[in-house]
Structures are given as structure tokens and as C-alpha cells.
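Handing you a structure now.
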Amino acid sequence: MSSTFGRLFRVTTFGESHGPGVGVVVDGMPPGVRVELGAIQHELDRRRPGQSAITTQRQEADRVELLSGVYEDVSLGTPIAMLVRNTDAKSKDYDTLKAVFRPGHADFGYQEKYGVRDHRGGGRSSGRETVGRVAAGALAKAALAGVGVHVVGGTVKVGSVAAMDRDWSLVESNPVRCPDADAALLMQALIEKVRDEKDSVGGVVELVARGVPAGWGDPTMDKLDAAIASAMLSIPATKGVEIGGGFGMVELRGSLTNDVFDGEQYASNFSGGIAGGISNGNEIVVRVAVRPATSIGKPQTMAKAGGGTETVAIEGRHDPCICPRVVPVAEAMLALALADAWLHQRALRGREK
Amino acid sequence: MSSTFGRLFRVTTFGESHGPGVGVVVDGMPPGVRVELGAIQHELDRRRPGQSAITTQRQEADRVELLSGVYEDVSLGTPIAMLVRNTDAKSKDYDTLKAVFRPGHADFGYQEKYGVRDHRGGGRSSGRETVGRVAAGALAKAALAGVGVHVVGGTVKVGSVAAMDRDWSLVESNPVRCPDADAALLMQALIEKVRDEKDSVGGVVELVARGVPAGWGDPTMDKLDAAIASAMLSIPATKGVEIGGGFGMVELRGSLTNDVFDGEQYASNFSGGIAGGISNGNEIVVRVAVRPATSIGKPQTMAKAGGGTETVAIEGRHDPCICPRVVPVAEAMLALALADAWLHQRALRGREK
Amino acid sequence: MSSTFGRLFRVTTFGESHGPGVGVVVDGMPPGVRVELGAIQHELDRRRPGQSAITTQRQEADRVELLSGVYEDVSLGTPIAMLVRNTDAKSKDYDTLKAVFRPGHADFGYQEKYGVRDHRGGGRSSGRETVGRVAAGALAKAALAGVGVHVVGGTVKVGSVAAMDRDWSLVESNPVRCPDADAALLMQALIEKVRDEKDSVGGVVELVARGVPAGWGDPTMDKLDAAIASAMLSIPATKGVEIGGGFGMVELRGSLTNDVFDGEQYASNFSGGIAGGISNGNEIVVRVAVRPATSIGKPQTMAKAGGGTETVAIEGRHDPCICPRVVPVAEAMLALALADAWLHQRALRGREK
Amino acid sequence: MSSTFGRLFRVTTFGESHGPGVGVVVDGMPPGVRVELGAIQHELDRRRPGQSAITTQRQEADRVELLSGVYEDVSLGTPIAMLVRNTDAKSKDYDTLKAVFRPGHADFGYQEKYGVRDHRGGGRSSGRETVGRVAAGALAKAALAGVGVHVVGGTVKVGSVAAMDRDWSLVESNPVRCPDADAALLMQALIEKVRDEKDSVGGVVELVARGVPAGWGDPTMDKLDAAIASAMLSIPATKGVEIGGGFGMVELRGSLTNDVFDGEQYASNFSGGIAGGISNGNEIVVRVAVRPATSIGKPQTMAKAGGGTETVAIEGRHDPCICPRVVPVAEAMLALALADAWLHQRALRGREK
């Protein structure tokens, strides 16, 4: 297993869904940064289950404990370990799943890969692993804020309902985390309908990073977009990522999409703030495709570990659309990718900018 | 700069467009694999300029030389270095570009990042860097073939013309490298039209890997899809990547997209062969968004290094659609990502499967 | 900071001496290995303070808690996080040290490097960090035992008293952890004398790994001896490492030291079981120079953070000779280096041997 | 195989003794540094065979070619590839060695590890691999010189003849590269005697780095001394490394060896310039044990690949004492370790110091 992201801002998550706890070690946080426990907890609260009517009703307080690396509220430059205890782990619910492979889940792959697995709640493949990512991302955000870089994100599509507007100040005011108030209502209605059908629906999460100076990202293999793509597709349930114009841009002409630049400003942002793998000073724009949640209440045909199939309804508390809870995770991962690129640029030039 | 891809099957490219040469060191090729110089050269020939009427007319023979790591046509397990000399480098053509930043290119980012650059032909940011990737990919393909894994790829969309069919045996029989003969004709016509307009158009490249057993890929951060995404977006001119159902799948329901599995076969492949970051035994399916080539013949407004702008037509020999030449590069990168995952799985389990 | 050792068997320690706790995340432990909490605790007990009259009298129970990666006493192949709470942290004792740099310690370096530090008990530079190493090493030992590899170690020199014999079964029967009962008595007497003088003395720790097959280690840069050397000099208070004949061998002739080999057995072991960076099937023999402990009770002149010096006696509970407690740490680090080389060899060949 | 040293200043060597050539890719050289081909060649000339009566008489011009990463004599920040063609490769000489394992060499380990090997001249395990290290080290030296850091080295012991003095200006004036003119004569006489006996003798190489500011090195696992130890023991024929007081220091008391510091200067340097894994502002002092060269002309008993033994005299041109040629290699590796630590410190603090 390889649970480490980043090369200089290195983040290693740990923990199974129904083990003692989940957490993270962040090694590479620069020293001297103010670390607010409340800011970390705030991000975890955005991620935690049970926060609204359209997320899973599983209840986890997800209180984070700082184990190291911070002294008198300031980062020491040493590894910052954070732990969240698992509390609402109803392991018994999962006994029926011990010997089947849930469709769309990693159950079969884990069994084939490791030869052993903790089937309870998905074990390591559970979305609970993202607790560590979000806690780490809060640190990255704090560090990046010190150099004027800020990340925002929201749900811009659910099923076929797309946001037309991008008012990021609205994101926390609706349970979908949509930057378009009108679309948010339609999305919420769709999610509730799907939930009542014991089914799920996918969506798209969009992220914007502001204040990134030109020059971040390390060609030719750790390009900023390559690092971001890796960060995004490491998030459970994601199946695609695009930068700036992305897939839609392939139908256009180069004379339109080349983002005319006068040395100060860009006339457009088809590049999504990255050219040749290096930030170009424009806003970084990333979109992530989130598949319909694989955990659904409808009865499904499943392969049995010993051979044959059976049809099972997975009881439990599912997210009908995972997008609202992916938002803080995706923001965290973007912040981690940016923090890593930032430190590499400091190494390269020996100065902040 | 970080020009290394992979952690066990490690590939480091080097070279500028107009320097002495470009190449690669592959450290991690397993020992005892037959290495055919002809197979490497064949892949390079698929990538090289001037191979058809719809690619750039720049002529480079791109003859590869093996410098190390192979003895009596068998890999030694030691680093395999390969070198391709640059020959058709008309550096003078680029004198006018020394002090401007071409739109859409990495010129500005390189200048801001490094403070110095080789402007000739894009220097390190040139597509010529992919020579090393393709040569390395040929080795990865050879190694993977030994365990029954094969990678194919082709152009499945140019502008708004999409391939309806996937007959991979057709790919090398048309200059677009399209697996659909009818679509290929339409694509070619579109590319020629765009070329005559001194403009460019984008497209989508699709890749399929067959024979990958369940169990490859390293959650939670080096998931197989995360590694593939990083590989793809490290290729010049790419702006998006999706696995299996990708962005289109977000509009569907989980009950449809969960890929029912009976223990032997999958009823569908929305997952694109990867669930929870681990291969599930199904075909790996990847699509890459390729932007309209940024190098076009039309006059464009460019920022000058010293301030202000000027309007310049970049003379030279451009690719009106880069997709046909991205195909072998993307195949190579997928092969590299798979080879790395394969070796990790061998380390994990201590046996081939 | 870079608190990760290993590339496939990756170990990341965290924690300050007087923070909430110290611990480790082990990512890369193969799945399916039996993990005994008692075995981990046993190694920690060998390392902990207060275990005998000649170690520091600081009392820490050092109870380890498993946070993840183990289910029903078997490793899952996922990250194994372990935590030891700090309990006997008398932070007040250190107030006088806040503004001085203790001689021989890392205080000044940390201040210059990070610009901020937790001065209490040495903070991150404290020997307490090795708790995580020892816990991780216990896992590595368990994994290695499965392939017949075992590590032993002991104190073979204290001051100028050298062990003449190597009976490893004696190591735990004397407080010096010396494999020579007679020498152990002399060593103990010397340590007690030095302790009474409020001073310290150095020594040499020797390690032997048995059962390592030929073929482990990755030239040219991650040679087995290079990895072991890095492992050893990452341990606090070490100033040298040698393999096999080491420094003494430089005075001899090649015709003597070439370790004649008949295909089955070696006539000697000047190579210490490693030739060309690869294990040769002979026992691995490593010796580590341990400096006189820098923490002593004698008054010493110290630089003050604001300039000038003062003479201070560091009250507290010191180890007069750190060797007995370095033994389990050095064993752990050797086990970690071997485990990493073992997994690399599995990746290379796709089979256990 | 793992032929990469460093994490930010990354060096990957390639090449077999009797293949087309040997070389290196340096990825991480900071941009804007003046690169003199002559300076690189000068270091290679110090390393090459045939330079004096006491080194092997094998003749290799070892002319280096720059393949990338430098434009108008300035580093671009992109990978710098360098190639040295093999010319004096008398492969036929080695036919008799195809089926035997030379004592003390890596032959057996390579065969067991890789299952295949290039036996000619030791193949990849040949000392010729160090050509790439020395070329890379010349770049590191150039980069470090820009921040006032300089590395010197010499042979301080041959057999039992030890240098009493350290006048580094003398090193290039005697073939032993000894910083003590009187000892140099005795060493040379000893080497000539050993050579005439068709035998070999070991020695110690000492290195000093001046101008390293306090703060370099990354605890707890990539401590500066750990990185240096790894660098040194990755050099062929080395069997030990010590920092500052090293093994001799274990007999002393902490009250003597603690290096009293007044905030400006140290009263002694038992720490060898490194405390707690971080440079402390004092000179870095490193000593490396070099075993008697394993290639000797005397007849030796060797294991045959198919079983049994035979006694063979290895004809050829051997180094009776490898120390004079290890000096430039060890300097190079120290420079590489320091360059990597330097870049990490820039990443940590975002400024040069």
C-alpha cells in the first residue's frame, strides 16, 4: 500500500473504517505557521457524515487530536500527526458482507491484491480514509494562505443538472455545496428523489485556486496538472479530472483557446492556469467527475467469495450523491498538490517567489 | 525539474529540442527480458514527425542508440540508457521567439520558474521530450507482454467528429490512428481543413489495456487510476483524463453503473477496469483530452519579455492536430504506469500473481 | 523534516519528547503476517528508560497502542499506525534550557534550521523519537522471520573495554547487553564509575543478520550497505558505521580479505556478508560507533540564544552510556533496511527467492 | 536496480564497463549556474585510470559529452545528461571469467540477484560506474561554490601508514593524494611493494566540507550524516564511514567530546560538523574505510558457476590501492549529499540561508 501523497509536503494517511481510528502524519509542513485546531476541525466538520438531510445519517463526531509537531499553536517543522477515533462503527451491520464482493466497490480488488481484508465498512477502502486528507489539507491551506494562495470548491453538476453560475460565497449556504443558488435547489430535489429510490447519482466538483504565482509545477513528470490529476483520482469515487477547458475544449480551434496574454493579464483561461505543466499566473481551474455512489440500498447481485452469486440489499446509511462531501476532500487534495509544488519552487530558486 | 516517472519502473527523460539530443534512462526494467532494438525504433517511428500528410513536416530520423543495460539482446536489470540525436534542428527559425512568450505555450512559465530558458523550439517543453517516453514505453510493453498484458490506443475524437467503433486493428492503417475507418476519413478531412487555415484542433485519445489481472494499483495515494492520471497529464497538450465511464457517467444512477460481477465476468465496465484504485480484472479503459495544438501558423498577439505585445506569425512546421502523434506517447505512459504497478504487486505478494 | 525510512517498507515516525505522544506509521508491511502486540511491547520494553541501574531513571511505561492496519492479529497490508503516549514528561525541568544551546546536542542546529523549536526534553531531537523505530522494527522482524531472517545485536565495546566473545544468547542477561559475560562486568563497572562522575562514555554496538540469502540490496545507490549505513547514522548519538572488516581491514592485503568462496561456504567474512552492495549469503555484520552521551550532569559552558555563554549543570536523569538502549534501536533499523531490500528483491524477480 | 542518489538534486548513473558507454543524468541542478565543461573533465581526469604509476595502467581518455540541460554554458534547471564512451574495453580478457565468481567481487551476488549478468570487466559493478558520479559531483561542486561551500579530500591512511598532517593543498602534488608530504612517500612505497607482489592494500580517505552553514540535513531519517553515510558506502570498495571523532571517540568522555560552543566558535570538532543530523556550522569531517582492492593478480581459488572451484590468476591491469582514485569519487558523493541537503533547506525556509 502506498498512502503517502507529496514529495516535500508529505502526507501519509492511516486507518480502517471500523478500526480504532483514522488519521494522518504530515511531514513537511513548514515551521512557524500558526496552526488552529479549530480550523482543522472546521474542515472535518464539512466532511463528516450526518451534516445534512442529503448526506448519510451515520453519525461520527470526528474530533481531531493533535499528537505532535505543534508547540504553542505554531508548527515546528516536524511531523504533525493527527488522530480521529472511530466511534459510530456498527461492525455487526457488515457481517453479511464478509463473504461477498459489493459491486463497484474495491472488495474484490482488495481480496485479490492483499489476500486478506477488513470487510467491515469497506475497511481501508472506506471513504473514512479521507478524514486524514482533510485534516492535512487544512494545514496546507494555512501554509498557502501565508503566501496568498486560496482554494475554493463546490458541486457544479449533479446528474444532468449543471450550475450556470459560480458564486463561491454561496457554497456553504446550501447542502449540495453548489455555487449557484437556483441550481442548488434542483440538485437537492434530484438527490432526494434518488435517495428515496435507494439509488445514487453522480456529479462534478469544481475547484479554483487563486493567487498561485507563475512558476509552480515540475516538468516533465511532476507537472502541476499531473500532480493535481493524481491527487484528484486518488479520491474515492472519482473517475475523471480536467483542467481549464478540459474535454470540452477539444472541439475548438487553437486560435481561440491559446489564451492571449499581454504580459499582465490573460484574455481567457482555457489552460486553467497551467501551461506546459507550470502555473501561468491565471486562476487554477479543476473539475472532477464523481461517479454515482456505489453504496446503494437497492438489492444487487453480488459475487460470493466462494463462488456463485447472491442478491443482497446493503442495509445502512448511504450518501445518495457523494459530491457535497467530496468538495472538502478535493479542496484538501488540491491544497496538498499546490503546497508541494510551492515548496519545490522554493527549493529551485532559494526564495519565496 | 522532475523528469522521473515511476517508483520501481523508473524512467528519467532528458534533452532539449535543439540541444545535442534527447533520451531516457530506464532504471527498474526487470532482468532477463528480450530487448529488440527494432521494437523500440518501431515505436519511435510511430511518434516521429513527418510520418504523414497531417503531421508536421519537420523531418527527424530519430534513430535510437542503446547505451547500457542490455547485453546480448537481454535486459540486465541495470539502467537502460537510450539516446536519440537531434538532427533537423533549425535553431535560426526561433530567433524571433527569443524575447516573446508564445500564447498557450510554457514559455512564460519556464521563464518565471527557472529565470533562464532555451527558447529554441520550446527547449525542454518541446514535444521532443516525449521521444524518451516512447523509447521507455517500448521496454515496458516488452516486459508487460511477458505477463500477458497489452496496451492499444487510438484517436477516438477530432474536433466534434467521434469514432463510433473500436476496431484497434485499424489504427495503423489510417494517418489519424482512428479505430473507426469511416470516422477516420472525416477526421482527416477536418484536420486538413484546419491545417489549411493555419489553425489547429483538439481531440480525444483512448487507450485500452488488456490482460491486467485484478490486484494492481496501490491505494490510497498511488491508486492505479491516480498513477494513470498523472501519467496522462504529464504528456504535453493534455487537459483531461477519464477512466471508464468518466465524465459521462455522472448523469447515471449507481444501480446502472455498478458493473454487476458474477465472480468471473462483469456485465459492464463503467469502472474502466479499476475500482478503489485497484484493477478489477476488467479491461482498463482511459481517455485523454488533447487540446488544440498551441503552435499555429496564424498571426497571434504575444507578450514581449521586456513588456508590451507584438503580433507574430510563428513560421514553421506545425501539427494541426496532435492526436495521431499523442497515441504512441499515451500508450507508452500507460505501459509505464502499469509496469510500475505490476512490480509493486510483485513486491507485495512475492509472486507473479 | 524527513522522518520516513525505506521505499517499499516505509516507516514514518512522529512525536516530540514532551508532546502528547510519539509513534510511527508503517506503510508497506506485507499482508497476512501475524502481528503480536506482545512482541512489539517486548521490543519497546528493551528500549525504555528505567530498565536497569545503568540506564536513565526516567520512568515511562511506553505502552503501545495499535491504531490501524491489523485485523484479528493479522497485518492487512495497509498502514499500521502505533502510538505511545508520553507520561513522565517533566517539562518544567527544561525551563532553564529554553534559551541555551546544550553542547553536542542538536539545539543550535534545530534553531538555525527551523527558526522555532520545542526545547522541552530536546523536542523532536530527543531519543524518544526512537520509540517509533523500535515499534516498526518489531514488525519488520516478524515479517523477516517468515523468510528465515533474524537479527541479533549487542554492546561489544564500552570505552576501551571490548568484548572478546560473541555469545548472543547472553545479551539479555546483563544490563550492558554484552555478548561476553566477562567483558559485561568490566563494562558495567566502567559505566557506573562514569555515572558517578556525572559524565558519559561511548561504545560500539554490533549487529548480525542471519539467513539473508544472496541477492538483497540495490546497486548502485541503494546498495545494502549504503542503506544500512543510512539506517545506522540516522540513530541519535551514532558517529560511525562499518561492515565486516571495516576500518580494521584497511591495513590488510586483498589476498587475505577476499573471502574465498567454494560456491557453498566462505572461508572468512571480511565483506560482512555484502559484496558490491548485494548480500552474498554470508552473515551480515555491522558495527556502529556510539558517542559518549551528550547529556551529562557535569556543569558545562553553553551558548545563550541571545549571545554570550553561561555555565549550567543539566539536572535530570541521564544515560551514562547509551549503548544498552541503542541495541534494540539498531536492531530495529537493521531489520527495516533488510525488510526494504527484501521487498525490492521480490519486485525484481517476482518470487520469494 | 536503483541508480539514483538524492531527492531534490537527483543523480542517476548508467552504464556497464564494456558496453557502449557510462554516464549520468542530473535532474535538480539549479538553473543559472555556470557550467564549465573543463571543470567536469578535470574531475574525470582525477578519477581516470592510467594517471600515475600507482594506478591501473588501463587507458581510458574518458572524454565527457554534455547532452542536455546546459545552454550557452549556463544550467537551465533541466536534466543534465552526460556521456563518456567506453574505448579501452578489452572484452576478450574476460572470457575466462564468464563462468567463475571472483572472490570479494559482486559477481555471485549479481548472478543470484538478477539471474543474468554482463561479466565483462565487472559489468555494472565495475568501478567505471563512478564516472557518472564524478561528472555529477562536478556540477554539485559548482552549485555549492555559489553559496560558499567547498569540498576537499585526500588519502589519510594506506595500510598502516597514516598521515599526521592535513595540508589539503598538497593533495594533487603526489600520486597518493595524501595531504601529508612525508606520509605520501611512505604510502607510495608501500603501494609499489604491494603492486609488485600482485596484491592490494586498503586505506582511509578523509573529506572536509567548508562553509556549510548551520541548518542543513533533514532529521530524523535523512539526517545529514545518514545521507553522507549512504553516499559513501554506495562507493565501490568502501566498508566503513565515520563522522568527526568516529570510532576513536567511543573511548572518551562526554565532558571532553561535547564541543563547547560560545555561539560563534567551537572549541573542538568531535561532532564533525553535524549534531542531531543537522550541520552545526563547523567543518564537516568524514572518513571512509576503503578495503584492499579485490582485483589482484595473485592466483585465487574461485567458485565456478556450475559448481566446484578452480584457481585462476586474473590477468589485467589492477589498482594496488584504490584510495587515490576513490578521492575524487568520495568528494563527488559528499558534494551530492550536501547539494541535496542545501536544496531541502531552501524548500524549508524559502530563502537561501
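In order of appearance the chains are A, B, C and D, and numbering begins at 1 in each one.
By our rule, a contact is a pair of C-beta atoms (placed from the backbone, for glycine too) under 8 Å apart; a residue touches a chain by one contact, two chains touch by 3 or more.
Just so we're clear, the structure is a prediction, and the values are computed from it rather than from any experiment.
Visitor: Considering only chains that satisfy the touch condition with chain C, which of them also satisfy it with chain D?
Guide: A, B
Visitor: Centre to centre, using CA atoms, which chain is the farthest one from chain D?
Guide: If we average the C-alpha coordinates per chain, A ends up farthest from chain D.
Visitor: Go through B-C and B-D and name the pair with more C-beta contacts between its chains.
Guide: Answer by contact count: B-D.
Visitor: Report the inter-centroid distance (CA atoms only) between chain B and chain C in whole Å.
Guide: Centres of chain B and chain C (C-alpha means) sit 45 Å apart.
Visitor: Indicate the whole-number Å distance between the mean C-alpha point of chain A and the mean C-alpha point of chain B.
Guide: 26
Visitor: What whole-number Å value describes the gap between the mean CA coordinates of chain B and chain D?
Guide: 38
Visitor: Give the residues of chain C that touch two or more other chains, as numbers and ranges in rising order.
Guide: 1-4, 13, 31, 77, 113-115, 124, 344, 348-349
Visitor: So in the complex, which bits of chain A are touching chain B?
Guide: 1-5, 13, 101, 103-106, 108-110, 112-115, 124-125, 129, 157-160, 194, 197, 199-204, 213-223, 225-234, 236, 238-247, 249-263, 270-272, 275-281, 289-296, 298, 300-304, 307-309, 344-345, 348-349
Visitor: In the complex, go through chain B and note every residue touching chain C.
Guide: For this pair, the touching residues of chain B are 7-8, 30-31, 77, 343-344, 346-352.
Visitor: Of all residues in chain B, which touch chain D in the complex?
Guide: Those in contact with chain D are residues 1-4, 10, 12-16, 19-23, 25, 27-28, 31-32, 65-69, 71, 74-81, 83, 113-118, 123-124.
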